[in-house]
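See the structures that follow.
Across the two complexes that follow, subunit A remains constant while its partner is subunit B and subsequently subunit C.
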Partner chain A sequence: MYHYTDFDGAFLKERNAQFRAQVERRIDGSLTEDEFKPLRLMNGLYLQLHAYMLRVAIPYGTLNGRQMTRLADIADKWDKGYGHFTTRQNIQYNWPELRDVPDMLDALAEVNMHAIQTSGNTIRNVTADHFAGAAADEVADPRPIAELIRQWSTDHPEFQFLPRKFKVAVTGSENDRAVIKAHDIGIQIVARDGVIGYKIIIGGGLGRTPMIGKVLHDFLPQEDLLPYLEAIVSVYNLLGRRDNKYKARIKITVHENGIEDIRARVDERFALIKPLFTGIDQQTLARIEADFAAPDFKTASEAPYHHARQHDPLFRSWSDTNLAKHKAPGYAIVSISIKAHGKTPGDATSYQMRLMASLAKRYGHDELRISHEQNVILPHVHKEDLPAVYAALKAAGLGTANIGLISDIIACPGMDYCALATARSIPIAQDIATRFDELKLEHDVGPLKIKISGCINACGHHHVGHIGILGLDRAGVENYQITLGGDGTQDATIGERAGPGFSADEIIPAVERLVLAYLNLRAEPAETFLQTYTRLGLAPFKSALYPETQTATAA
Partner chain B sequence: MPKPFTPKVITANALLEGDVIYMSATGWTRDLARADILTDEADADLRLIEAAAQTDKVVGVYLADIKDENGVPTPVHFREDFRARGPSNYAHGKQEAGKQEQF
Partner chain C sequence: MTQLINDTGFVPEDWTHGFCAQGAANDCLALDLPSDADPAAIDLAEGLQMIRIDFPSSADGRGFTIARALRLRGFTGRLRAHGAVIADQYAMARRAGFDEVEVTDEIAARQPADQWLARANWQENDYQSRLRG
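Take a look at the complex of A and B:
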């Protein structure tokens, strides 16, 4: 874990004091809403449909038990006893009152947390592989450079008024769990002949114009990282369009100018600014890397784990879906599902947060992660302790064995909370999960990612869902469009639109028809939904979705 | 012939708590049923200007289309329906007891 310096602490304290004064001036009428809005957004405070919403950054999704406990305390004291984990590894509070927000920010600062740059046209919270530092398939832990980028981008004077928001994701593994190709900048740590470097991908993004990122540099030397990133954002800052909000993201800049042109401009800018980086960034990185040293992994017997697998079918089912391979012998990565069937995806109660914090302290080297798929991870748990961890999770409604399955749905807040939404997402996610739980089919169906967005901005990543659902307003009625075959991994693919949308009543049966069609179409049980789709294409799934059309044509 | 004027209510969010509020005969209310139904365009525009001037109490004032159902304003669009009712996944906001009183 990164340890805040005196500078970090003083910076947050001053920033929070400034915001407290700004809130006071808004309440006493000295500031109009037009004057106050950019100030509150810089501090993560939105005004949503029914209330304010405070978006707190969880940098690269990493936090410790004390921080998670504080998030629970804040939920109890100033909100409604829960928090919502988001696809940018943040947590959102849906019901804060304006007067309380400065106190909430002070409470966060006490545990080295903040809400800075969780909104606005700035470089947003840097996301990372949620298995960082634990995954068996990792070249290097991506969090040190994520922290370096956080420090560099926070309050960066050149980048406070970019043409549009700017999102950076980092992974240290070829298996991309951080959707780096759908980010403004995606960084993959790679090794060549034993030397570490970075593959830099730019111009990816979802939203209204989904694009897969393009490789700008295939092996950037370590010491060039910050000057190179600064060159990219600098080129975008000047070249990116400010005349049209919908064409302002770097994906459009890259698309309109071409990757070659952008590369030439970045190289030119890089040559100019590189000498200004005197090596302090590398000294800082070295200090950060020390903070992220792996914990002292223990050696213990795996017998309790094997015993529980043999004798407890529920534990076996959970360990089949919710564990991933750890780099240390005897250890596992535990994904805690925040997707109990019928509940709101990503919502954890304060009780659940405290429980997860205490499990992390007791069994998990005091580390937790938030995944972009809205689940919580205990990255380092020895197999010896898994039966105890599972028992505690299950008792708190956190033992759902569904990671990567059909009910492990990403859903944005949609029109239940969001002022931008055009339709609801949460009830659709709840109904799909409940329906497939009733059918008892999800383990038979196997890996299947459903992702739901309540508007075209695609916070729910629907374009990269194997089944994507986009909620729209069609003539004053909620309408849900389906895309198929999307993929958010290293093989990133934008899903293909299946056809006309469905009403709120029709969408659950439509998804059910799709999944049943897959079960009939798959070559063998091991062939996943995505593999079947890739093999057969849209046509057979389209017939399942629109049976009436088929009948009409045949007649 | 000019287009007939769709009845409207004045709505906004409360500055301090963010809740959806409406203009009634006696001031702001959390309850759409108590909102004043505006049927005259010139009157609606004037009332909107007056309401929007209360910048130390409210945020984002606008006119929302409604249907007049025997004197009770009812949302035309589903977004206004959700604003008037609150979220569908929890009984929070307006669905909590005691939240319908005068603002």
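Take a look at the complex of A and C:
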């Protein structure tokens, strides 16, 4: 993992002192509310429906046991004993008091963590594949360049007051687990004839105008990364619209000006910027890469794992869904589900956080990850230790065997917390999970991604859900629209709207009809919901969703 | 009225030649630019000694990129940020290539010199200088 330098430490200390002073200067009137707002946002502090919310960065989703323990301590001391993991590899505290926030930031800095640029019109926390450094299918670990980009974007003097927020994601694998095509900039590490380069995708995004990103450069040389990113964001800073916040994201800039025009502008700017980078950033990158060297993997017997699979059906079920292939022999990647049926997706208690931290220390080379799907990952666990890990997780309510299944739902905070929301999302997620748990169909249904947003801003990524649910307000009544066929992977696709929305009472039965229809329609059990949808299209699913309409038409 | 600010704090205005808008005669000594100016289209005539870039709101960050772009094009004259700039942006302004900041008296009254001097250490704690070399 990245080792903080003296510079990083001094920077955080100074930054936190500045924020402490900004809070005081807001109170004494030196700063107006309008002036203070972007300053608190670029330090992670939101004002929500009921209280302030502090969004803490977990850069590229990577943290160690000590850091996870500190997140638990903060939840206990300054919040209500829990935290919420988000789709951008952050953790949110929903109930801090403004006066406590500078102390919370100092407590984070003690373990090299911060809330910088987790909000506001800045370059946000850089996200990465949550299986980075462990996945069997990656070309290179994406975290070193994610860290390099973190350093470059942190307090970047040009880019603290952009037209709108700006999100960057990095993957080192063709199998995209970081949703790079739905980011302002998506970066894929690629190898060509043994040489590493970067595919640069821009202009993706969800929100009220969902767009799939377009390729700006198909093979950017390594040493050009930072000047090229700087050229992109510089062009956007001047060209991005500031007259309408709904048209201010770079996806609209790209859409309105065309990718060719943007490329020409970026190339022109890049030519001017590139000479200023002497190459010292590549030395920094080399040091960062050394920090991310793989841990010393052990050699041990896999017998306990096979024994448990044979004799413990619960362990077997869990290991079927919650493990992924690791690059090291004998190892597995463990996904800990933060989606227990009926609980709030992404919420973990301080007790659970401490338990996960201790498991990481004892069995996982002291590494944890937060996934954009709001789960926690132990990236390096030897199969020998899996039975013990599972037993400990299960005892803490963390043993749910549902990764990638229907109850592994992404849901935004919705009207339970968010000031922008037009409908509730968490209770819908809870009800769907509870219902399919009752039906005992979840494992038969197989891989199925449901994503729920409580407003058009699409924080729940509903556009890329196999089943997407968007909660709206129709004359004071919650109304849920369904989209189908969305996909957030390398085959990124925006889902298609199925038809009129459903009330809060109708939405769960509607989802149930969809899933039962899929079970009837699939060519074979191995054909997933998304594959069946791709093969057959909207029509048969629409009939299942709106049976009355079907009868009326037939008559 | 306005207040001029540099690394030494509040300083008296020392520019006495006035400003002209874009498209004025070639003998313009100091150019005033709006926040939507295209830095690539500015005529950097030899006699041009100063460029002043407007910040209509402290949330409008275009001026930082305009300043950087003018420096990239080789402008070595005096570069001034003007308008709704706050003390918290002083380090950004200096790092982006500005020499000084000129703010409204209203801002100067709310944010006295010590709040600006607190950011005069803009060369410290700067990730950019570590990555560019």
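Quick note on the criterion: the second predicted complex is superposed on the first by the 546 of 555 C-alpha atoms of A that agree within 3 Å, B and C clash if a C-alpha of one lies under 4 Å from a C-alpha of the other, contacts with A are read in each partner's own complex, and residues count from 1 in each chain.
In this section, a residue touches a chain if its C-beta (ideal position, glycine included) is under 8 Å from a C-beta of that chain, and two chains touch if they have at least 3 such contacts.
Here the structure is a predicted model, which is why all the values come from computation and not from measurement.
In the superposition on chain A, A:Val477 makes contact with subunit B only, while subunit C stays out of contact range. Contact with neither subunit B nor subunit C is seen for A:Ala523 once the two complexes are overlaid on the shared chain. Contacts of A:Ala395 after superposition on the shared chain: neither subunit B nor subunit C is touched. In the superposed model, A:Gly29 makes contact with both subunit B and subunit C.
Applying the stated contact rule after C-alpha superposition, one finds that A:Leu314 touches neither subunit B nor subunit C. Once the two complexes are overlaid on the shared chain, A:Thr278 sits against subunit C while remaining clear of subunit B. Subunit A residues 29, 32 lie at the interface with subunit B in one structure and with subunit C in the other.
Contacts from subunit A toward subunit C in the complex involve residues 7, 10-11, 14-15, 18, 21-22, 25, 29-32, 34-35, 38-39, 121, 148, 151-152, 154-162, 226, 234, 237-238, 242, 268-269, 272-273, 276-281, 284.
Against subunit A, the residues of subunit C that register as touching in their complex are 38-40, 58-62, 64-66, 68-69, 72-73, 86-89, 91-96, 110-111, 115, 118, 124-128, 130-133.
Taken in their complex, subunit A has these residues touching subunit B: 26-29, 32-33, 47-52, 80, 94-95, 97-99, 344, 347, 415-417, 424, 426-427, 430, 473, 476-478. Within the complex, the subunit B residues that touch subunit A are 13, 15-20, 55-56, 59-60, 76-79, 82-83, 86-90, 92-94.
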